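Paired with chain B in one complex and with chain C in the other, chain A is shared by the two complexes that follow.
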Partner chain A sequence: MKHRSFFWFVLPSALAMLLFIFFPIISVIVQSFHVEHEQVIKTVETCDLFGCKESTTIDQEATAALKEAKPLGQFAGFKTYLDRNHLATSEVSATWNRTNSWRDFGAQMLNLPFYKAIGFTLTFTFVVTPLVIILGFVIAVAVNSAAKRLRGVLIFFSLLPMMITPLVGALILFWMVDARGIIGTTLQYLAGDPDLSVKASTPLMWIMLMVYGVWHAAPFAFIVYYAGLQTVSQDTLEAARVDGANRWLQIRHVIIPHLLPLTTFIALMQLMDNFRVFEPIVSFAANAHATSLSWAIYNDLGGETRQLSSAAATSVLTILGVAILLSPVLVRTWREFDRK
Partner chain B sequence: MFLKHAALASALALMAGTAMADCQISGNVSIVGNEFPAIHTVANGAAQCAGGEVKSNLTADHQKINVAGMQGNPAEYSTAIIANSSVVALMNEDVIRPLDDLVAEYGQDIPKNQLITIGGKVMAVAFMANAQTLAYRKDVLEEIGVDVPKTYEDVLAAAEKIRAAGISQYPVGGAYAAGWNLAEEFVNMYVGHGGEFFKPGSAEVAINNEQGVAALEMMKALTAYMNPDFLTHDSNATGAEMEAGNVMLMNMWGSRMGNLMDEEGAEEQVYSNITVGAPLTVGGGSTPASTLWWDGWTVAKNISDEDAVATFLAMKHGTSPAILNDETMSQAVWMIEGYTPAPVNDGVFAAIEMGTQSYPMLPYQGLLHTALGDNLADFLLGKESAEQALADAEAAYTAAAKEKGFLQ
Partner chain C sequence: MSSKLKRQPPAISLLVFTVLAIWMILAAFPFLWTLWGSFKVEGDFFSKADWANAIKGTLTQAETGGSFTGDGYYGAWVQEEFWRAALNSVIVCIFVVSISLTLGTLGGYALARSTYRYAFWFLLAALIFRAMPPITLVSGYLPVFFQWNLWGHTATTIIVLVAINQPFTLWMLHSFFKNIPAELDESAMVDGCTRFQAFRNVIIPVMWPGVITTGLFSFLLAYNDFAVTAMLLSKENQTMIPKINSFLGTTQTKGNVMFAVSAVVSVTAPLFLMVLFFQRQIVGGLTAGAVKG
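Let's look at the complex of A and B:
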């Protein structure tokens, strides 16, 4: 394609990306480098229905001049990034000096909000992504080998978890694992412990969130693999059969290599999606046991006082996290492209 | 007694009929507020005003949109219905106007105690009150032969007896869901122990002290008698536990008692025996371990004076005795003349009589509330000490307060 026509082809989407992706990210980055003005506090008497008492309020007149001079707030540089609610550099080094074992150090780190969130986020990402790929592949192969007239129905039911709104899907599971729900009661029976409660135990809550993650995302991997399976060359498969390959060998040596590019694609999408894990934590009310970076952003913005700078810093750190996570896959894709 | 109520109600209904014609406005009104029956009643009352457009956006997410919706010029919302915790967010951003002029000109008949004044300026007009108080099962307490608990220590003793009698394994309820609810329970318990959240006149937090530890220890002692899932139970869930007949004693919002005592969602044995008590004290203190809340309305700063007058008049009408009738009377503890309380409201009145403190209206209280909600669960889960949990909450608050410019 000529450079000129290429330019006109990509211009609309490039403009849209600039407007809806690039500029917002720039604004978030700028926000993350600023904190609010010094708030001038004055002591006042506050009276409500129930009486008067001494209280404080922001002196708006005194603060107005500060706001006027610098509408963005005080420039803070990386201060927000490094404070306790984010990378917590000084707390981390203090912990490093104070603790003697890795185990102790790890436990102390998980007490810091950012590391607690990243701990769960990474565990979730690296457990759920491979399981989604494997399960999606197994379902795709199974559906593909089912009788033709059954396939439509099977595909429909296999896709159901993806069609359900994440918040609702997670809520359904939340009620099922309740101590008096069907799964919760079954678990109590199997474990022989009438007091067993998934919602009260951190490890069980983590497992439940990951089970939900796999349940919700496996249909995506399934449908991509299923589409891929339709393009497997029947001639190659037949040749393999003639050579005496059994079903497993056919899958191992013909189908898996054929679907490898799709696996890269699914892994890419899933790494990104799982790194942003959010809905199940809200639906499961799991924040006492597990938090994620996205949940931290939501929590900053959902309080009675919105913490925009804090949310902006966490957002930038999330973007960096996604970039680091995807870099091996992207480098690989680039090399393949280069080879061609 | 019933006849008297009925007569009063019909008299009020008649008043409502005449008042409808009374409210004339010349400007537009746009309301943003929370979504529950009492707020609907207020918005509907305001909408009766003729002469200008009155629209409302009532949603549970009102706090996420009210600041942004009032920052523009002109503001999208001419009034926000808020509570004592959330008025602070509007004042911090300087988006609501002092009402002194409007009160002087159009609001002389608003009872003085309804005016919320901060530093001598009227910033909001309150119309209803709320507080968390005891809800208990009368029949169960009779069965185990225990008086109605007055303190949290009594609650623990009663809970032990109920469990020992085999009536319920987890007889205590509480909205202990990690986040806002858990922080609110700590605020209650800490206030009950006589604690102060900040060093006087400053934004420096001071909760890692004897009272803080005692408050957490009491909360942990209570959780031993709660459903093990307590960290996921908000007021809805713990209310459902009581209606299901599992919970016999709990600290619950006055505004939700009506749901517990009505015929829906519970067996006759349960709902007919649920009774509202006074707020509890703790640790030998006399101040209840609870906080008082009010709901009120404000007027936006960035609107024309004409619309401000219209908004003031419409909201005044929406919170006037005209809105009280048979149906609306039980929706809230109205701070409106002509309101007749029902037994369901005994708790909130007892809370007011006992000198319960109101939830602090400090510019940085919301930041502390968020920090508490994020950090106290680790202690209740047994992962760390009370001192560590409080130190974590303090550190998280301090970092957030620096980002917001309250601390340097």
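Let's look at the complex of A and C:
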């Protein structure tokens, strides 16, 4: 394809991504190095019978003028990054000096908003991703050995947890684990504790969020594996059977190696998606127990005072996290392309 | 296959049956439960006393006189004007899907046909953009949108969703166009067509299966989005998902929880129908990128 026609074909799409993905990233980075203007204070001298007094008031006009002149705010360097809501360097070093065991240090760190968010985000990502892969594989093998006419129905119901809006799917589960909901009541019965409440317990809330994560994403792994299973060579399976391989050995030595490239694909998509975990925290109202990086940004942006600089700094840190997470994959893709 | 099934020892069959039964309950039961419960009153939906109340609707009978009640739906759709949000969702989805597909087919086609190295870099950049959590981009939009008075409008949100959708759309349509033999449009160009004429007259007529599949996923992205729509739309332009979230803020008063439950069921219904009618395309789309490597 000629350069010229390529350019015109790609232009609209490239423009959209440039304006609404690339520039916002730049804008976020710039914003994160600025903070809002301080209000301009002016000193007014008021005189009365007893003499003159100086008082200070906010100069509204000057503040507005300053905002007009420099809409970004004032340059702050890494100040926002280092404050208590982000990397919290001074708090971390103080905690480091104060505590004398790793366990204690870790517990203290989770009180800092940023470390609380990243702690949950990483735990969620690295617990949910492998579980999704395993569960998806198990379901795929099971559906593949079910009778053919049942498979359509099985796939239909399997797709539902993935297709559902994350916010809505999480709400549905949340209402069921409510202390008065069906799962919540069952849990109370099983634990023999009538006051047991998922909402009140941090470990239970973490587990619940991860259960939701697996429930939501397992169908994706299932579908990909199921499609992969359709392309397993029947001859190889037959040969393995003739050689005396039982079912487990067939799975272990024929099916799993065949599906391995798909696992890389699923893992990549899952790492990307789980790292942005956000909606279930809103639905479960879990922010007292678990927050994520995305939730922290959402929280800064919403509400009465929009803390744009704070949100921007968290965004930059999140983007760095995504970059680190993806770098092995990107390097590999690039090498593979180079070889071609 | 049936012969293979017969050869399965009973223990294996039992194991398969158990796995499938458990998974079906996990996958389907929450939806059926919520659908059933949405026609009850709150006391039955959350029945602390006896879980069987939720099925029989004891309190619903006591409070409304029938075993089923549409009060939740009436409250959500009429009283809280959920229909407005539904209308906004329809508008957003229609525009996002049609614009994404127009841009995506043009770009995806070019990327599939170009043999130069920059096409690869373009796709790689798209992959990186795909990995950006949308909410990080939102914090980049807000200062600019406030400054230029773009905030709150449906049109702004549509364009933003289209852009966020592009990386995925491009990848999917690119791999789809790769499967259409290049000889098809090349022979048209030998016959004197320009590149665009070849695209219009030869490629467009055969591209619909791929476009429909990609369109389904674009629709899902627009329909399911919460991060962008919650932050960028003003209250009267809100779509259904942020609207449900604002229901949640005001559910403390009795009865309002059922509004949210009914709204949730209303949001689920179109998705349910979509999976029902387009199951084959969805499965095909999910595996398109993967199986071919």
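Just so we're on the same page, the second predicted complex is superposed on the first by the 286 of 340 C-alpha atoms of A that agree within 3 Å, B and C clash if a C-alpha of one lies under 4 Å from a C-alpha of the other, contacts with A are read in each partner's own complex, and residues count from 1 in each chain.
Everything that follows uses one rule, which is that contacts are C-beta pairs under 8 Å (C-beta built on N, C-alpha and C of every residue); 3 or more make two chains touch, one makes a residue touch a chain.
A quick note: this is a predicted structure, and the numbers were derived from the prediction, not measured.
In the superposition on chain A, no contact is made by A:Gly192 with either chain B or chain C.
Of the two partner chains placed by superposition, A:Gly244 touches none, neither chain B nor chain C. Legend: residue contacts after superposition of the two complexes on their common chain; A:Ala14 is shown touching chain C, with no touch to chain B.
When both complexes are overlaid on chain A, the residue A:Ala179 reaches chain B and chain C alike. In the superposition on chain A, A:Leu262 makes contact with chain C only, not with chain B. In the superposed model, more residues of chain A are touched by C than by the other of chain B and chain C.
Using the contact criterion defined above for the overlaid structures, shared-chain residue A:Ser27 touches chain C, although it does not reach chain B.
Judged by the touch definition given at the top, the superposed model places A:Arg306 against both chain B and chain C.
Common to the chain B and chain C interfaces on chain A are residues 178-179, 285, 301-302, 306. Considering their complex, residues 1-3, 5-6, 9-10, 12-14, 16-17, 19-28, 31, 71-72, 138-139, 142-143, 145-148, 152, 154-161, 163-168, 171-173, 175-176, 178-182, 185-186, 215, 219-220, 223-224, 226-228, 231, 247, 261-262, 265-266, 272, 275-276, 278-279, 282-283, 285, 293-294, 297-298, 300-302, 306, 308, 311-312, 314-315, 318-319, 322, 325-326, 330, 333-334, 337 of chain A touch chain C.
Taken in their complex, chain A has these residues touching chain B: 35-39, 41-51, 54-58, 60, 63-64, 73-74, 79-80, 83-85, 91, 111, 113, 178-179, 195, 197, 199-200, 202, 284-289, 299, 301-307, 309-310. Those residues of chain B whose C-beta lies close enough to touch chain A in the complex are 63-64, 67, 84-86, 88-89, 91-92, 94, 113-120, 126, 129, 177-179, 200-203, 227-232, 234, 292, 294, 335, 352, 356-358, 360-367, 369-370, 374, 377-378, 380-381, 384, 388, 392, 395-396, 398-400, 402-406, 408. Interface residues of chain C, counted against chain A in their complex, comprise 1-2, 4-5, 8, 12, 16, 19-20, 23-24, 26-28, 30-31, 33-34, 45-48, 51, 54, 102-104, 106-107, 109-111, 113-116, 119-120, 122, 124-144, 147, 159-160, 162-164, 166-167, 170, 195-196, 199, 220, 223-224, 226-227, 230-231, 241, 244-245, 248, 260-261, 264, 267-268, 271-272, 274-276, 279, 282-283, 286-287, 289-291, 293.
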